[in-house]
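What follows is a pair of complexes built around chain A, which joins chain B in one and chain C in the other.
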Partner chain A sequence: MKFKSLLFTAVALALAAGAHAKSIELLNVSYDPTRELYVDFNKAFAAHWKAKTGDNVVVKQSHGGSGKQARGVIDGLPADVVTLALAADVDALAAVARLIPPDWQKRLPDNSAPYTSTIVFLVRKGNPKGIKDWDDLVKLGVAVITPNPKTSGGARWNYLAAWEYAKRKLGSDDAAKEFIAKLFKNVPVLDSGARGSTTTFVQRGIGDVSISWENEAFLAIKEFGADKFEIVVPSISILAEPTVSVVDKVVRKKGTAEVAKAYLDYLYTDEGQEIAARNYYRPRNQAIAAKYTANFAQLKLFTIDEAFGGWAKAQKTHFADGGTFDQIYAK
Partner chain B sequence: MRNKSFRQFAPALTALLALTPVIQADELTQLRDQLHALEQKLLVLERKQEIKDEAAAAAAPATPKVTISDKGYTLASADGANSIKLRGLVQLDSRLFLNDGNVLANNSFILRRARIISEGTFAQNFSFQVVPEFGGGSPAIVDANLNWTVTPALQFKFGRFKSPVGLELLQSDSWTFFDERSIVTNLVPNRDLGVLVSGDVLGGKLNYTAGIVGGGADGAQTTNSDFDNEKDLVGRLWASPFKDDAGSFTQGLSFGVSGTYGREKTAAGRTGGYRTDGQQTFYSYLATTSTDGPNWRVSPQLDYRTGSFGLLSEYVVSAVNVRTSAAGKLTELQNKAWQLAAGYVLTGENSSYAGVVPANNFDLSKGTWGAFELAARYAKLKVDDAAFPLYASPAASAGEATSFGVGLNWYLSKTVRFTFDYYQTKFGAAPGAPAALTNAVIRQDEKSVITRFQISF
Partner chain C sequence: MSASAPPFLSTKRAPIRVSGPRVIRNPVWVRWLFMTLALLFVGCFLVLPLAAVFTEALRKGFGPFFAAFTDPDMLSALRLTLLTAAIAVPANLVFGVAAAWCIAKFDFRGKSLLITLIDLPFAVSPVISGLIYVLVFGLQGWLGPYLGAGDHPWFGEWLNAQDIRIIFAVPGIVLATIFVTFPFVARELIPLMQAQGNDEEYAALTLGATGWQTFWRVTVPNIRWGLFYGVILCNARAMGEFGAVSVVSGHIRGVTNTMPLHIEILYNEYNFVAAFAVSSLLALLALVTLLLKTLVEWRAQKGLT
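Our next item is the complex of A and B:
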């Protein structure tokens, strides 16, 4: 009898312990300009997860240049999920550290890019240097702000957008290379990430034009005033597709695989897409995109696959050690 | 003429005057542009420095830390989870024996210990220690163990380590009151191989240790492989119940008890000899004696520190079953020993189980002399009378040793110590001892002066 009572108590205690809400902590390692997006999104997801499971989830954020952030994860930063600026940086987690499988991009819709953006120009109010298109960035006396493509995902999008524009206009890769060399001669400061470049241009007052993520440009105007800056949309730009992935090796170790997957899945829900749109990212969901269509300029966009044969090739040609950027910048 | 001349120049002058504002405006614009360009250059320089500073600040937490101090040389990862530490211990002794009839060639210099100690931590909870010994006789591994800290209350140690029995033996070689441990240490096992579980509980007021080890003879160290199939259980409880009572008289009082229990199986040669403070053998078993059957030890012990005063005391009973042949009679021998040692730091620094830290290092230019400590000790070891004459020779072994010692320790710094000790040991004859003893060591009292120069970090 005594044994049965003890057993009953033990089982009851075990059940009570099991019924107790768990506290889960995730780390989202992301690129520079997504701070505000994920502050909003994390709140929404925590509420969603609490309602669904009763568990409390706290998502910690880490931001920096996308390449630098990928290096951090490879070196041991325990990210449950990465939400980086481009697929090449997520690829590195598979290729260098085998933290994720090589086919990671197939695990989520739209090649694991739940939202997109593009590259535009942010200029000072009144556009004193008359910046209209990519050509204007290589003119003598125009100071251009863009981050370092070696560490920043945004900078790589900037670089490739300019390259493709020049190639189409001037007709060859050689001419495009010369164009990019001229452009970088006009860059007085190379920040390590997009947010740093925004600080350089907006807060430190350096430069005539900042090549910027569309969402970052909108945010600068929202925060610092439409009376100080304006956006110039070039004739052509690149469809920037920031990508996301669960970091398999980390979530297995931490036991957070289920919630990490749910976190990324939630980016594709209506709520997730709305939050992305509200933060000036172009949503994949067409209905929500239509709702926010006034926010986004209509321009000709090309993809990385069309212009450069995918990120792997573009990375190797332009940004790997000894690639075109090194050749240009070493001069 | 004058008017004509004016008329000639008037249009040019008018044009010049008309242009003046334009020239001034152009200059102003140029100046503005130059100023803007200069301002931009200045801003760029400032921003570049800012980026550099940010990068340096971001890199700092990832930079490994190198620490060089009187505790050794440490290389640690930025988060402290992984580290490797290099320490060292060198002891040079001089031994002088007085009134020993010049029958012994025992006055000598000796490199008592010369150790390069490697310690490290991995993944925060795993640490290791490897201690090779180059002093004394041939090189040997003293300690080599891995410690796994699950929590402070639950730790595992695997490898070769000090057996957790003798109080003075557990104290670091560098910081005992005297340069040689007392004769009590003869009765406790030294290093052993095995597994220990230990931890601090009750807010650190109680430390427990329990383990299973290969088992060693009195005062002996096992080699790097276990001797036989038999194992010893070892354990120790150590309480510091008043450690949090700041300022109280009892704060520095710690006490406990340790013990071993095991079995030996016809283990010939496993009986260690007993040595004096001067490290001369005054008791040894006959070569025909082997241990067989259970052995056990019990050791109550106490340590007390208050200000400059320190006191250490322990008592040991060591029981061993011996026989002279496989069919010979089995006899349990109980050897006993105890000691009381005390020290007082004359220069006012605190006495400590972990050594004295001088308030000021020795430095003639500053007129500082380091710290000085006086120490005194009384100890006694009694061999079971039943050991004689079957298991030990009364002509070659004493039945009892009583020793006292006085010493002066000079701490030139935390790492450097000079000691000057005088020991005197009186031997009690074994039952049935002949008038003519064969062991020259025990024919008279041992009077020895041992000095040591030591560096330990």
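Our next item is the complex of A and C:
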């Protein structure tokens, strides 16, 4: 009798374990400043997925300079999804390692960029050097902090925004190149990622102005107080579109295709857009953008397609080996 | 130096030698000047940063300090660091003893080449130590494509099913750590065993001991303090390694971050108290290592005199 009841309990337990919710683990390989965003978002998505399917999903994160992170995935970092700083880095996954199809960017709305941002200036309180626009950055005696465009996505947006400003103001690509060369002469430290640059500026106190993601600048002010730093919005800047993609080859192998896709789709839902807006990313959803309009300065934004003919071209002209950045920096 | 003195005692012996007649002839102010300079240097570059680590860690009191150690990612980093050391140190212990024994007790072709190779990890930058594993085991590397892509005609499916991961996983971290800590034990033992010579082993053999008996009862007791010293240094480096591990880790939180990598992450997240709290744990480890090292030196010297 005792044995029978024991057996019964064992069988019941085994059955219960079998019916127990699946545990799924996703790896999101992302760029530097999204740490806080994805802490919030992963929590919300886990709750959403649990309510929808009953399964537990844990999303692991890896952060670093966007170019470096793409390189890691190419070398075998098993990312289910990448949420990188720019399309060129995701393109590399298709071009170098054929991990995703070449037309990946058409798979999700808005060029696969669920939120956008722009490039602004973070200066010390009271703006002692009187920085107002891009041409103040090339003045003598202004120390500018920006990360290395070779490894950082944010740095490439910075570079292109400054380039386009100079080109529009001075009239030619040659003049713009000279402008950028002057700007980089004012850069004392080139960190490998945007977050490294922010800590250099904020924590180590180096530099007069940090060219920064808008969200990164807001976060620094939130962490360190509005009595220490302020944001300066230039007359014109670039519409930065951080792009996301499922890594097909990895999810096929791990059997996580469905949940990985749902994860990225969730970025486009009202809740996903709210979380992005709360973390100072500009939401695509107009209704939610309107709610947070006080957070985001109105300024003239140009897209990479308008100004540079898309990422593939900009990457080749400016950041590939021997591109304009190499020419400027070798001098 | 007498033939039986192990080389790691040379720092202990050095003051005895320099207090010979030549030094005594130097004016007092010269000695004071050098002593002050040395102390200032040690103060600025060692004591000050160490003190800064602990003050920063305790800046907001003990509450936040201890809270830093309850974070699951931190605990996972701690576990990974301990696991890595637990594999790397014994591996290098076995290798170090074997290599030192071969080199010190026998003559063979290519011996100097072997000695040079053992020193290689000291000579190259840790970043390169990490990159070689990416180049070999990375998806675009030499062996990487066979390890998971499943393109191999015979083993592809089997390999796919096994899901072997070397880099961006624990094996890569262990490999990189073994590589950078390679020389510690061997480098410590080679000069010691060379200085001791083969006489005692020969004596044991002529008295009828077997090879194993000779090794365990004669060789090992002779080298035990040098061995212990090498293991301590090896362990300290294995737990503290940053560069090589950073390259092969992939920085997946709660999975492939070791303690030094976790410190960088915390710092970059403006979580300075936690960053310095974890740093202070590593610094404490360094202090314990120093203490053990001093103890070993003291024991070894006592054992010899």
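Everything below uses one rule, namely that the second predicted complex is superposed on the first by the 313 of 331 C-alpha atoms of A that agree within 3 Å, B and C clash if a C-alpha of one lies under 4 Å from a C-alpha of the other, contacts with A are read in each partner's own complex, and residues count from 1 in each chain.
Just so we're on the same page, a residue touches a chain if its C-beta (ideal position, glycine included) is under 8 Å from a C-beta of that chain, and two chains touch if they have at least 3 such contacts.
Remember, predicted model here, so these are calculated numbers, not experimental data.
Colleague: Which term applies to chain B and chain C once both are placed on chain A by superposition, clash or fit?
Modeller: Superposition result for chain B and chain C: clash.
Colleague: Answer with first, second, both or neither: which of chain B and chain C does A:G196 touch in the superposed model?
Modeller: In the superposed model, A:G196 contacts both chain B and chain C.
Colleague: With both complexes superposed on chain A, which partner does A:G205 reach: first (chain B), second (chain C), both or neither?
Modeller: So A:G205 only meets chain B here.
Colleague: Pick one for A:K253: touches chain B only (first), chain C only (second), both, or neither.
Modeller: After superposing on A, A:K253 lies in contact with chain C but is clear of chain B.
Colleague: Given the superposition on chain A, which partner contacts more residues in chain A: chain B or chain C?
Modeller: On the superposition, C touches more of the residues of chain A.
Colleague: Touch check for A:G322: first (chain B), second (chain C), both, or neither?
Modeller: Once the two structures are laid over each other on A, A:G322 reaches no partner at all.
Colleague: When the two structures are overlaid on chain A, which partner does A:G126 contact: first (chain B), second (chain C), both, or neither?
Modeller: neither
Colleague: For A:L27, is the partner it touches chain B (first), chain C (second), both, or none of the two (neither)?
Modeller: In the superposed model, A:L27 contacts chain C only, not chain B.
Colleague: Considering only the touch criterion stated at the top, classify A:Q61 as touching first (chain B), second (chain C), both, or neither.
Modeller: The answer is second: A:Q61 touches chain C but not chain B.
Colleague: Could you point to the stretch of chain C, among 61-69, 205-213 or 295-303, that collides with chain B in the superposition?
Modeller: That would be 205-213, the one stretch with clashes.
Colleague: Across the two complexes, what residues of chain A are contacted by chain B and by chain C?
Modeller: Touching chain B and chain C on chain A: residues 196.
Colleague: Report the residues of chain A in contact with chain C in the complex, numbered from low to high.
Modeller: Within the complex, chain A contacts chain C at residues 27, 32, 35-36, 60-64, 72, 74-78, 96-97, 195-196, 199, 203, 223-224, 253.
Colleague: Where on chain A does chain B make contact in their complex?
Modeller: Per the stated touch rule, the residues are 143, 188-189, 191-192, 196, 200, 204-207.
Colleague: Quick one: which bits of chain B touch chain A in the complex? Just the residue numbers, please.
Modeller: 40, 43-44, 46-48, 50-51, 54-55
Colleague: Spell out the part of chain C that touches chain A in their complex, as residue ranges.
Modeller: 134, 137-141, 144, 148, 160, 163, 165, 167-168, 250-255, 265, 267-270, 272
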